[in-house]
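Please find the structures below.
You will see two complexes here that share subunit A, one where it goes with subunit B and one where it goes with subunit C.
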Partner chain A sequence: MTQLFRIIRRHALSGVAMLLLATVHLAPARAAGTPIVIGGTLGLTGAFAGPSAEYKAVYDYWLNEVNKKGGLLGRPVKMTIYNDESTPTIAQSLYNRLIDTDHADLLLSPYTTFVGGAIVPIVLSHHKLLFNGGFVGINIFRAARGSIIGSYTYQEPDYTRGLFELLKTLPEQQRPKRVAIFTAQNPFPLVVRDGVNGQGGAINYAKAAGATVVVNEQYPPGTTDFTGLVQKAKAAHADILLELGLPDDSLQVARTIQQQGYKPAIFCVCGSQVSTLPAWPKLGAAAEGVIGTTVSWPNQPYRDLSKIAAFFKRRGYETVPTYGIVSYAILQVLEQAVDGAKTLDQDKLKSYILSHEFHTVAGDLKYQADGTPAYSEIVLQYLHGKNEVVWPKQFQTSKPTIPMP
Partner chain B sequence: MFALFFLPSRHGQRRIVGGRLATLAIAAGLVGYGAMSSNLGAIDTLGTVFMYLVVTQAWNILGGYGGYLNFGMVTYFGIGAYASAVLFQYFGLSPFLTAPLAGAAAALFGLLIGIPTLRLRGAYFAVITIIITFAVQLLMLDLPFTQGALGIFLSPLAANPVFVERLFYFIFFALAATATTLVFAVENSNFGWALVAIREDEDAAEVIGVRTTAVKWTANALAAFMTGTVGGIYAQRILYIEPTGTFALDISLNVVLMAVIGGAGTWQGPVIGVPLVLLVAEALRVTVTSEVNRVIFSIIVILIALFVPGGIMGLLQEVRRRMRPLVRKSAGETMPRTGG
Partner chain C sequence: MVTTVAGIVANGILLGLVYAIAALGLSLIMGVMGIINVAHSAFIMLGSFLALGLLEWAHIDPIASFFIALPIFFVVGAVVYRLIVTRVERAHQTQGLIAMFGLMVLIENLGTIAWTTDTRVITVGYSNANLTVGPLIIADAPLIAGVLAVVLILALRLFLHSTMVGRAIRAMGQNRDAALSLGINVRRLSAIMFGLGIASAGAAGVALAMIFPFAPQTQIQWLAWAFLIVVLGGLGRVESTLVSALMVGLIQTAATAFLPFDYVYLILYVALATILSVRRQGLRGVARRAI
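Coming up: the complex of A and B.
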């Protein structure tokens, strides 16, 4: 009886052992050890709640993917994202907490320059890198000397560069020449307009293209009535209208233009692109022919771009919002940098990033010394109810319609 | 519960001494914590608590004692921040040195703006304070020397992060202690009584000889000075100021919320309300979501408005009033003491 029991037990144990081996073999790679903590904040409530919620969705998506693949450096990845309530002082306090209490190994930036600019000194004073898919700010990047790693492929001075490159492709006699510029009183659009140290900026690009700026007006934050500005541009016979603002005011300018019956040859919403592109369908006819810009487009052969487009389609977006691209791209850079450098040491990561190429949804990114990727941009025009790529030519999905319909 | 020690007592000398000792012990504890702790998150949060305590105490002078609801404290705060930042930008002067000048600039503005606005009462005064905030914000967007919407960057201090956070912790702590002492002095002065008289019935106060305009004017300028000074230091702490964030209405609303929850019109109110609101918000922020803390505070404010108009201090005073006969009974007192 005892012997029979031993035989059964031996076979049962062998069976269990084989089952365990099979399970280990068949299971996906599973990370072990102390989690790598990635920390950051987003304005999940307050003025920037809309885009911030989408950033969070992308972060969660990436986190799930990366942990399925076995984490980073063989360790699971944990993400601690606090709500900064779209407020700089709260963000500052939370970044101190992330660094000091949560011991975050890697830091992600918050959304928007307004909040992001305030936490940069804290992050840099701890000799940490800031992985920044949240904001542009060429001056902030330059001051950080490569310690802020960005994923926006064009900074404020170059926001209108693509548009004026597109203009150069038109025959000389067809090029519009009189420019009206509306600029929101916000740090970012002002640099889009003026450039930095005489470089870039809509005014400089317009002059270089042989155009004259006939209207150059600023408007305060929260402006909802643009009738006066639009009338001024119309009276000045401006045939290029550049709206350099934030999403809400840009959409309002588009509505006003249609209401006032003003038809410039080109109307470019060349300010914040983060959430405007997916909003055009809601404007109906007022959006027809409007030009905008973004970082990349699903017809480009960039890693995982179709996957992220499908992700946003499931979330109800026909057009991938720009923040969806840059938020995923910065995590791809982070992932490839940690995998490539095989360390979390911030100095080694910085050296690695500045000397390697990263394959992301925003493109194959090569970094400049200031931590910004080399320039690339997509110019879109909203035609027949959808966004079409009109520049650069190799990625065109439609010829530009100028004058706009 | 330590707030019980702050309750003013007309009869219990022992309680006054106990209250002062408790206050000193808490202050010593905070100094010790600031000096010993290297928990940056906590030091930073407490620094913010002290900063708001100054502004809330400043609001308390005219808003709490005088009954003039000012929803525009951020105007003085922003003017102070800009005064410091502009002096740094054009003259290279450190905001640590120019903070009193920032306070003076805000006080001057408070004096000027007080001439027309302090003639208004009730809701009209409350509304005009909000309008002034927006007007000054627009001015900062358009004035060339403020660099408009681009804002002004200040240089970070060349020191390690723990030292920097400690420095702001102690500066704000010192300012908060000074502001609280000042408000305590106001509460126990003729000036304070004049403000209370204005709050209770301004016309009657004027009839009995209170120089209401001068009292309100002084209170407003004093509040502006305190707030402007702390705004000047804030500029050096945040290192980048621009009109939208610096003049955010949220700051004004938070100040009123903290004073009302703690108990407006008492020097202890802000001491209770500010840490309560900020520390609970911080705790909720890192544990649950921030939407929850907004809902919680909204419910608290509604409950306070309905049942405890005097805030937590009002509630504590009510509890003590009800307990007094029981205490006397247990002490064998049959007649109220008449002093002497």
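Coming up: the complex of A and C.
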């Protein structure tokens, strides 16, 4: 009887064990344990509420996906994103709270250099890594020596690099030679123009391309009228105009150029990724032929890029905004780094990130010692009412139209 | 050289008219009622979004929206007067300033909730077009906005100088207590005056939206320009706003043509300081409220 009972019990236990194993294999992965907390702020109200809302939507999308896949390190993931009201001082106090009170395991940066730059010292003083899909700033990255991990694949000195690479592909006689540059008086566009330590920058790229800078003007924030500047460029017969400003300025310059009947061979809004924003098509004829830049394009074979493009299409975007790409890419880096390094230890994560490749919507990223990804860029031209990739050649969706139509 | 000068004059006048329309409502309310309406730019922003809404939903051209905005914002102004201004108009000027500042913050935040902070542009047939007169190229949109500014300024001047209500408002502006003792309904006239100021701001928003990109948080830049024009012109007549705005437009355009753009605003503010050091009341101002 006892023997029979033992046999039955053994079979029963085996059955239960097999059933449990089967359940584990069939059921979706379910994370357990204390959640991993990812903290950050966004300007959900105030000046940067528009882009910040898109960052938040991307964060929520990724969070849902990652928890569906079982979280990170087998633990669920929780995101604590506070509203910094687009104000640096508020962001600073919120990052102190995220670190000291919420004990966030991993930190995401806010949107824009204006707010993000302010929180960097707080994050670094606590020996934390900052996962930064929010802003560019080559000097900030270099000072942080690899403790800020970025997802923008080109920094300010390289904003015009793709354009000048594109020019090299043109026959010599077609290359514009007289450059006019309008730069907003703001630290960020000034680096786009001048580069850093003699490297990069529109002026250096222009010289290297054998072009002459015939107009080099900077304008203060809040400039209302660009007619005079445009007339100067026109009078100087500049055949390439670089507008290195923030989105509002660039929209206004584009319209003024059209109104003044000025037709440079190339007009690039190279100070921001304004041509990927919803306001750009609303310019009508003034938008046509204008060159801009972005990080990646849906025809590139990057992981989840078509998924993110579809996500933004559902949100009413014709072109994936650059901030939509970099916000998702930084979360992919974070996810792959934690999975790969199998730790939340910040030093180990940093070493892992700086020595591995990450497959993201922004590209297959390899990091440099300063925490920025190796350079890559897409040059767009707005043709027939939509953005087309005109450089690099292997991803072209259209040949560049130079002179612009 | 002649072409250059003609270009400077043409563009300076157009820019000046843009500034004039931005400053008109502020000048009227400050000049007559002594209220520093810092919410002025918030009403400009509302005007811009009204133009956008009418264009997108009803395909109404901004030129028509300019005239539609006038009665709408007049009513809005009269309501704001009844609800807010009546509580602070006899108090110390600081209280009025704080009340208006609060209103500006409220409108801007509601605007951000309603429309987000995305930049908008209005594009209609004439937005990218221009008028070519010999070697001169004049953009259509600023030209149309300038004409609308002149129409509004003339209409307001006509109203204030040629109608009984207008004359009563001017009397009230010169001495409110005397007007009250003569049996003038000061509260009603103040509501009309405030309504006219806000109507001007709303219409200005429509005109500015024809030319410039806009967003709820960026229209504050027009407050700075409006103050510059009002301070330079002085708290005087309606036409003094026009004169000072044209002067600013011409100085800015001339400086842009001959100097690096870095110096343009410096020159503008040095000119302002110089004028005010010679004439404390501004170019054509008077000592106290009067129009």
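Keep in mind that, in the parts below, the second predicted complex is superposed on the first by the 373 of 405 C-alpha atoms of A that agree within 3 Å, B and C clash if a C-alpha of one lies under 4 Å from a C-alpha of the other, contacts with A are read in each partner's own complex, and residues count from 1 in each chain.
In this section, a contact is a pair of C-beta atoms (placed from the backbone, for glycine too) under 8 Å apart; a residue touches a chain by one contact, two chains touch by 3 or more.
If you're wondering where the values come from, they're calculated on a predicted model, not measured in any experiment.
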item: Contacts of A:Asn64 with subunit B and subunit C, given as first, second, both or neither; value: neither
item: Contacts of A:Pro220 with subunit B and subunit C, given as first, second, both or neither; value: both
item: Partner chain in contact with A:Phe114 - subunit B first, subunit C second, else both or neither; value: first
item: Touching partner for A:Thr45 - first (subunit B), second (subunit C), both, neither; value: both
item: First (subunit B), second (subunit C), both or neither touched by A:Gln252; value: second
item: Partner chain in contact with A:Pro88 - subunit B first, subunit C second, else both or neither; value: first
item: Shared subunit A contacts, counted only where both subunit B and subunit C touch the same residue; value: 45, 185, 218, 220
item: Contact footprint of subunit C on subunit A as seen in their complex; value: 45-51, 53, 185, 217-220, 222-225, 227-229, 231-232, 247-248, 251-252, 255-256, 258-261, 277-279, 282-286
item: Touching residues (chain side subunit B, partner subunit A) in the complex; value: 38-45, 48, 138, 141, 148-151, 153, 156, 160-161, 164-165, 238-240, 242-245, 248, 250, 282, 285-286, 289-291, 294
item: Parts of subunit C lying in touch with subunit A, wherever the complex brings them together; value: 7, 11, 15, 18, 109, 112, 116-123, 127-130, 132, 137, 139-142, 211-213, 215, 217-218, 221, 224-225, 252-253, 256-257, 260-262, 264-265
item: Subunit B contact footprint on subunit A (complex, rising order); value: 44-45, 82-83, 85, 87-90, 92-94, 96-97, 99-101, 114, 117-118, 121-122, 125-126, 139, 184-187, 190-191, 218, 220-221
